[in-house]
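Next, two complexes with chain A in common: one pairs it with chain B, the other with chain C.
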Partner chain A sequence: MEIIIYGTINSVALALMALGFALVYGISRIPNFAHGALYVITGFITWIFLRALNLNYAFSIVLAIIIAGIIGAFIYQFILIRVRGMSISEIIASYAIGLAILEGFRWGGFKGMTYTLPVFIEGTFFIGDIPVDVHRTLVVIIGAGVVTFLWLFTRYTRLGLALRGMAQDERAALMLGIDSDRMAVVAMAIGSMLSGLAAIVLLPLGNIVVEKGYDVLIQAIAVCIVGGLGSWVGAVLAAFIIGFAQILTVVYLGAHFQMVVALLAIILTLILRPSGLFGRQKELEERV
Partner chain B sequence: MEQRRKERLDRGVKVRSDGLYALMSWRELSYLTLPRLVLILGIIVLPFVMPNMYWQRVISIVCIYALLALSFDFLAHFLGLVSLGGAFLIGVGGYISAILNTTFGLSPFVTIPIATIVGAAVCTLLLFPCLPLRGVYFAIVTLMYPLALKRVIEALDLFGGTNGILGVDSFPNSWVEQYFVIAMVLLFLFGTRRLVNTDLGLVFRAVKDNDQAVKASGMSITYYKAIAVFIASGMGCLGGACIVHIFMWSGISLFALDFSIIPIAATVIGGGGTLVGPVLGAFILVPISELLREFGTLRIVFYSLALMAFIVFRSEGIMVYGERKYHQFERWVKV
Partner chain C sequence: MKIKFLAIVTCFLAVFLFMGPGGKALAQKPIIIGAPLSTAFLYGWSAEKGMKLAIEEINSKGGVNVGGEKHPLKVEVIDTRDLEPGVPVSEALLAVEKLILDKKADFILGGPVRSEAALAAMPLLSKYKKVSILSTGVLTPAYHKTVAKEYDKYKYCFRIHGEAVNIVGEMFANFNELRTKYGFNNLFIIAQDVSHARGAAKVMKSVAEKQKWNVTGVEIYPTGASDFSMGLLKARRTKSEIINIWMDMPESAILLKQWYDMKLPALPFGSTLAAAEQPGFWKATDGKGEYTLANVINAGNAPSEATPWTMKFYNAYAKRWGVEPEGLGTSSSYMAVYVLRDAIERAGSLDSEKVVAELEKTDIMGVYGRLRFDPKSHQVIPAKDPKDGVVGSILQWQDGKRVVVYPKSIAKGTIMLPPWMKK
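Then we have the complex of A and B:
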């Protein structure tokens, strides 16, 4: 029972981390190695608004997510767009951006005291006889909300349909009058906002530290590879597989092995099913 | 409005010295050999002109970064595989060498070759799953390995855990140390330059440019990629083995980000695809990095920003620019 409850919570948390990466890669085929940096930056911005400027918590959250979206859009519009299509440069440029942000924070922002965000609602309740705090249930609710929102957004709005069209076939989308550069900016902005949202939902459970940036990036990538790069349905499913696998290893082997699970998941997926669980669509392009 | 364009013509001396005729005159001979001689002699003389022990040590470190940059350039621009984990190669080579040295008491000149070959085999094996695939998988997996291995070593207390392995033997003296790494850089630099012009190098480039054509010719892409990864990780592991014997210590700082980012920056700034460029880039960047030592991790920020600026706005790099100026006339002509 405990495993099921905490496994679900962990899986939803992983899904929240991974959705942004999956979305950006699926639409613009750019591996956004700055994903973890955006996660940390949002947490830090919220902290500034909340603690240094004494704004309302809800207000500062909304503001921070919007700023994360703007930063993402800027990164794409002014830097990544110039190297789009050159795969070596794409990887190096986004990796360099992520490193610059994270190491910049390590140098300037995160020294001395620990930085934490408060949980949304204090308190715990019991399912059977297992204590669960309210915030963790909120994580599950928000995660479910985000997935439903994305599902509705990509099926019933013009913008969402345009994004999906571009993910399926960029040239055909161009023929139908979808501006692929603008859509990629939008995708990057949404992806950054998702990563910011994940940060705000998950960071109250721990401290804001720079290492979180690398952790989140790695776990997001693991989830995306297992689910099939660029497929967000796959990402959600893979989040549950990896999430439960992590909790099971923590219970039966010890907390140290959590990192190894992500790595093993990637390696096994690459050996057994390189395009992931749901990566059918682009299978021929990825396998030589 | 008058329109002009830039015309580029090969210099006569380049045209004449392309074939065997270069042997005919001193001018053409020196045109061909001078740049190489300047580089080789420059590197060999360097330890003598350094003012003190500290800067001599820096030379060794520079050479190790140069090896890493060379391996990055070889993989990225001849195979199309972007490795974000130079630290992984350094770590594997370093730990193997340190273990061999402390547990079995082998001398550095035995452990370094063993670490190079065994380390290259280990790295190739660990990276093998992503070799049959195209795209970003190689970059992702190489990004993950150093971070994950660091955690594993910390958490499981393997190989001395966070304390690392102490008491590794050093080189007999600092001259041996420096000339050993310098010799290795020159050997691998000119070795890889030879290699990419052989038939094998041709296949490598074909794998990058058009893998379907390679496959259609009945060659296994995975096999050739594995060979190239073996060579490149051999260079990285050699660097790692040397660094362990230089610092007489092996620990999780071998997986530090510096080893991943500086070689990439050196390649991009020095000029990718030339193989000499990365070495030059390392000789420019690493001393700057030593001068900026007091800034701590701000150096990585500085590198990342420089790297980003170069790759977005000036992706050709110093060496490609220099080669163009050396070989060609440029002039404006009316259209």
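Then we have the complex of A and C:
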């Protein structure tokens, strides 16, 4: 029972971490290696609003997520747009931005375990004899909500349909009058906001540390590679595979093997099925 | 006329500054203390602050008397990043070498902080014949055992704070008291996947079994792990009554929050539990860390009256840095500077061989007790009473305060149980 409960929580947490990365890559084909930095920056911004400026928690959250979106849009509009289409340059540029943000925080004295956010609702309840705290339950609910929202957004809104069009075939979308650069900015902003949302939901369970940015990036990449780069449905499925694999590893092999799971998943996927579970375009190339 | 007057006053001030007792020292070549520290982590920044406080105090009194000449002390800090996950030991070695060759350090104080890095740095210190006093983080017994085994090669290496074997003894003194008082018998061990913690967990398990404790599990978590739910659930399932934690990563605060959220009926008892050592822990966990016990290795890192110098240091530190001494490495790094100063003054020279000989003769009443080094292993000599040797310090978070509960000779309170596990 505890494996099912905590496996689900862990999987949803991984899905939240990875969705922003998957969305940006799926639409604009840009691997946003600043994803982890955007996660951490949202955490610190919320902390500053809440603890240093004493703003309302909900207001701080909304403001921080909006700022994360603006930062993401700026990163694309002023930096990534110049290297778009050059895969290696995109990786180097986005990784450099992420590095600058994270190490900038470290240099600015944001270190140690004192930067924390409060949980949304205090309390613990029992499922059978397994204790589960309310905030972890909220992680699952919010995660499910985000996936549902994304599904509806990309199917029933003009913007969502335009983004899907871009993801399916950028040239065809251009012919239909969709501005690909504008859509890429929107995708980057939404991806950054998703990264920020993940931070807001997950950071109250721990503390805001610079190192978390690197960890989130690795987890997001692992999930997206296993799920198939660009497919957010694949990302959700992969999050459940890796999430449960991590929990099973802790239970049956030992906690110190937990970190290996994500990295092993990357290696195995690249060997056995380089396109991942839902990476259809690459799959065609593989067949050829 | 006015300008002439100002010029004369300026000249007098300049002459006074350079010829006065303090000024004479400032004019002399400074003694460089190289400090390889992992500055983004508690054991790094607390050591840096402790060291700087001691240096400021010594310099304000004219500096160090070397054969009749006063020299000021100067610290050069390089971030080794050795406490960060995934950073290789070679980074710390480069930092040590840079301090010696580039910064021209006369002595090495503080770190490297991670045991693996400190052990790897020993041949380097031997190669350059640099006297080093470890004052933070490194708990592995292998360090002083290596000195004892190859004295001629590693005689330059000293350690001024407690080490794992002694700490294990302190922990069991408390565990056995809890067994007598509450009938506890089930011990669960959680450790970080680093040398000293893995080693300590192994020793804890072995000693516990010898002392008839039921070891219900040993979980080793990688550095940077941020979910401990399965380990804690295992502790719950096995009806553990004490969770012994060996973790210096900041994520240990997450473990303690999870422990509180689960209302786990087991007392968290940590060593090198960096998160719980710090005064900011209470605020960082919104009070969820109450009842957590942490071994801060030496007195002075939490408030007590171990010696007349303890609270004097404690208050001076709080005044200088705006925060109380924060944990392992604070009082020991402060004392390392004073011990080195005394050894240099007695030697009347900066020569490594002479300073080593004088360090071996060290016998002063410091912040955390009587400070002496074992002449063979260069490990500081521990005791339960500060009159006999250096004393440890175990604190418990009680109502937002860090209350020292061990050793009895300096305790300010007794161990309390959380309300959900009161018997």
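By definition in this document, the second predicted complex is superposed on the first by the 278 of 288 C-alpha atoms of A that agree within 3 Å, B and C clash if a C-alpha of one lies under 4 Å from a C-alpha of the other, contacts with A are read in each partner's own complex, and residues count from 1 in each chain.
In this text, a residue touches a chain if its C-beta (ideal position, glycine included) is under 8 Å from a C-beta of that chain, and two chains touch if they have at least 3 such contacts.
Remember, it's a predicted structure, so these values are computed and weren't measured experimentally.
With both structures lined up on chain A, is it a clash or a fit for chain B and chain C?
They clash: once the shared chain is superposed, the two partners overlap in space.
Now for A:H256: first (chain B), second (chain C), both, or neither, which partner does it touch?
Both partners.
Name the contact category of A:R82: first (chain B only), second (chain C only), both, or neither.
In the superposed model, A:R82 contacts chain B only, not chain C.
Return the chain, chain B or chain C, that is in touch with more residues of chain A.
Counting residues of chain A touched by each partner, the higher count goes to B.
Now for A:R106: first (chain B), second (chain C), both, or neither, which partner does it touch?
both
Which of the two partners, first being chain B and second being chain C, lies in contact with A:I91: first, second, both, or neither?
A:I91 sits against chain B, while chain C stays out of touch.
Now for A:L229: first (chain B), second (chain C), both, or neither, which partner does it touch?
In the superposed model, A:L229 contacts chain B only, not chain C.
One more residue to check, A:P274. First (chain B), second (chain C), both or neither?
After superposition on chain A, A:P274 lies in contact with chain B alone.
Taking the superposition on A as described, I'd like to know which of chain B and chain C A:V24 touches: first, second, both or neither.
neither
After superposing the two complexes, find the one stretch in chain C that runs into chain B, choosing from 24-32, 60-68 or 114-122.
After superposing on chain A, the stretch of chain C hitting chain B is 114-122.
Pick out the shared contact residues on chain A: the ones touching chain B in one complex and chain C in the other.
In chain A, positions 106, 214, 256, 259 sit in both the chain B and chain C interfaces.
Mind pulling up the chain A residues that touch chain B in the complex?
31, 33, 79, 82-83, 87-89, 91-93, 95-97, 99-100, 103-104, 106-108, 214, 217-218, 221-222, 225, 229, 256-257, 259-260, 262-263, 266-267, 270-271, 274, 285-288
In the complex formed with chain A, which residues of chain B make contact?
76-77, 80, 82, 84, 129-130, 132-137, 139-141, 143-145, 147-148, 151-152, 155-156, 211-212, 215, 221-222, 257, 261, 264, 268, 272, 295-298, 300-301, 303-305, 307-308, 311-313, 315
Which residues of chain A touch chain C in the complex?
2, 6, 9-10, 106, 111-116, 118, 124, 130-131, 133, 135, 205-207, 209-212, 214-215, 247, 250-251, 254-256, 258-259
Hey, which residues of chain C end up touching chain A in the complex?
It comes out as residues 40-42, 45, 84-86, 193, 219-222, 224-231, 233, 236, 250-254, 257-258, 261-264, 274-275, 278, 280-281, 283-286.
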